[in-house]
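Structure incoming, see below.
Going by the order they are written in, the chains are A, B and C; count residues from 1 in each one.
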């Protein structure tokens, strides 16, 4: 049995190696880092002693089975979990060296620096233009020409501009699922964030839309750090530079994607990647 | 004798149609009856002059002004307080026994007969607070009367806004107030407007409570502390005292047309609400 | 951030003023009326039929009977016509006719001011009853009919909601078994929607009990117990409206006590309606 498992891993990893064109990320100062971070809801510890760094201009994939804390971790990064009444934490999360849970930290500004895209497309019930312009407007941008520019550049970066440039005033709900999700990506880009947080953005999307989003991320990593939570190990393999494996609220393993998929260090990682559970 | 089911079916359907047609006939009859007798007596003089000889002659200008004063002031007080209360209860507090109690209280008070509000107003505002029979007493009484309804409809409209929209707004760095005004209230507006418009309709029709608080003076109200007679009170007194049937019918015509227009407005705004949500 | 805190405080004050206004009203009514009821003895107040304010006698039994009689009559009418309309709207009528014509008409009925209803009642219904059925015309019957029409829209809309909430599979299953639409309606749909219909009736009763102006105009308002459909009657609400303007001292307190009685009746009805619709929601597995 162990031999079979090893063979399986080797076959999988050879296949994946062929699909991995991306170089390793730049080393150096991390953009964001979690240090011994624990997330607690009521008395349940959902995240336990997370130590994880996110570097500039990289795509970090977070994989793991359901309920392993991936989404919770993402929501800790932009402090969305503060909205739950029973959330408390210990440890630190640093953004550019500063603890985001510091008393003096302005949460609104923080959330504009880390833009989040959700698993289900969430267009607001307005026009495409108003959806994208919403972020800049609430940060105080009033100039109509500036807003036009931002809307266009965001839609271009999200690979949606050509499809909607003639119908910016139409309701966003008229778009297909894949287009709506790219809209949500554009909406986040309009804030010119520094880190993109994506929570299973392609779940429920057709392969073409998924490919478009992955292409957009490949381009976007030139300007942003990207954290991509995904249930789909194959997506992690093809669309990320580093991968972290979460299990039951802990980081089991983290490393370059190539290394995690071809030479995982822990048995649980092997088991998950080869589909023994999940 | 056995009656075939098809026959009972036909009889039943015929009976149901009869009942419905009769109901609609009653509605049309009431409207036609009033308008037929009253419309001939409507004239520019009717709308622009004051009553003479206890209302046997002249017009209803003071009554129209009185109605506008009382209703306008009542809604100007009740709408912001009611909507503000609903916003606070739904967006700024957590669901608790206290909020459930307040909701139950508002529900009950929405069903309390208007005469009881009149009872309260006629002692508390008129006597205890010394405002006398006045526009102010009437308006405050009406405001308390429609407040529960406005709180209830506003709350329902706000709760109907999908939770996701709030998450999106926070995720893009919005403050709570920005989320409430730009996202929640914008979506809930038709539902809230319906509640307010219906309250206006109810205020215009109100008679007994106003007689006890705003009085029934025939003169033009010139200040908040003047007693005023609203159109429905005028109509009631005219018909009860038998002073002038033509004038009574004319007043009733104005009342009916005003209230029907308001109900139409509410209906139209409600349909917009349903269209937006579905 | 500071703006947010400021707004939160402002909204809290607004909410407090709204809530305390309502609480004040409730407390005031009870404070003015309850002591008298207790002093006279609650049972005496409710069951005595001697209402002679000048002699300090306050018994509201005739008014309670009056309200009950008039409400019962109104519910019969609104049930027959209101439920009938609801059944037609949801089961037998083409949808465009239903939402485009019939439903708006019924909602317009709800918009007509009560004084207009009373007026039409006095001008047309009362003479009709007097001439063809006897009695003074101002009667329980006249009040019931007028109230029934006024309450009808409430019964119709809530019953229609209840009927629409019945799963389609019930109806389709019954028809598939060969039942006619009417059989389906009275054997399946009505039973399934029953708690909603009961809630509609109870809420309608609440409206009927609370109506004042229309009833004053067609009921006659004597101080005696009504003894037949055609005899005149005085309801609790009419009592308050008619006497409030000149009542003083204990008399006024007695009117407040009448208000307390009304309050309690409506609260009971509302609670029952709430319990009934909760039971329906639980049964439907919501």
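Keep this in mind: contacts are C-beta pairs under 8 Å (C-beta built on N, C-alpha and C of every residue); 3 or more make two chains touch, one makes a residue touch a chain.
In this text, all values refer to a predicted model and were calculated from it rather than measured experimentally.
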Looking only at C-beta pairs in contact, point me to the busier pair out of B-C and A-B. B-C
Quick check on this structure: which chain has its C-alpha centroid closest to the centroid of all protein C-alpha atoms? B
Could you work out how far the Cα centre of chain A sits from that of chain C, in whole Å? 57
With chain centres taken as the means of their Cα atoms, state the distance from chain B to chain C in Å. 17
Just how far, in Å, is the C-alpha centre of chain B from the one of chain A? 51
Expected list for chain C, residues touching two or more other chains, is 1
Of all residues in chain B, which are in touch with two or more distinct other chains? 175
Residues of chain A engaged with two or more neighbouring chains: 108
Can you list the chain B residues touching chain C in their complex? 5-6, 8-9, 12-13, 15-17, 19-20, 22-24, 26-28, 30-31, 33-34, 80-82, 84-85, 87-89, 92, 102, 105-109, 111-120, 122-124, 144, 147-148, 151, 175-177, 201, 204-205, 207-208, 211-212, 232, 235-236, 239-240, 248, 252, 255-256, 259-260, 262-263, 267
Which chain C residues qualify as touching chain B in the complex? 1, 3-4, 7-8, 11-12, 14-15, 17-19, 21-26, 28-29, 32, 80-81, 84-85, 87-89, 92-93, 102, 104-120, 122, 124, 149, 152, 179-183, 185-186, 203, 206-207, 209-213, 216-217, 237, 240-241, 244-245, 252, 255-256, 259, 262-263, 266-267, 269-270, 274
Flag every residue of chain B that touches chain A in the complex, lowest number first. 94, 164-165, 167-175, 178, 182-183, 187, 276
In the complex formed with chain B, which residues of chain A make contact? 78, 80, 83, 85, 108-112, 115-116, 118, 120, 122, 124-125, 134-135, 137-139, 187-188, 191
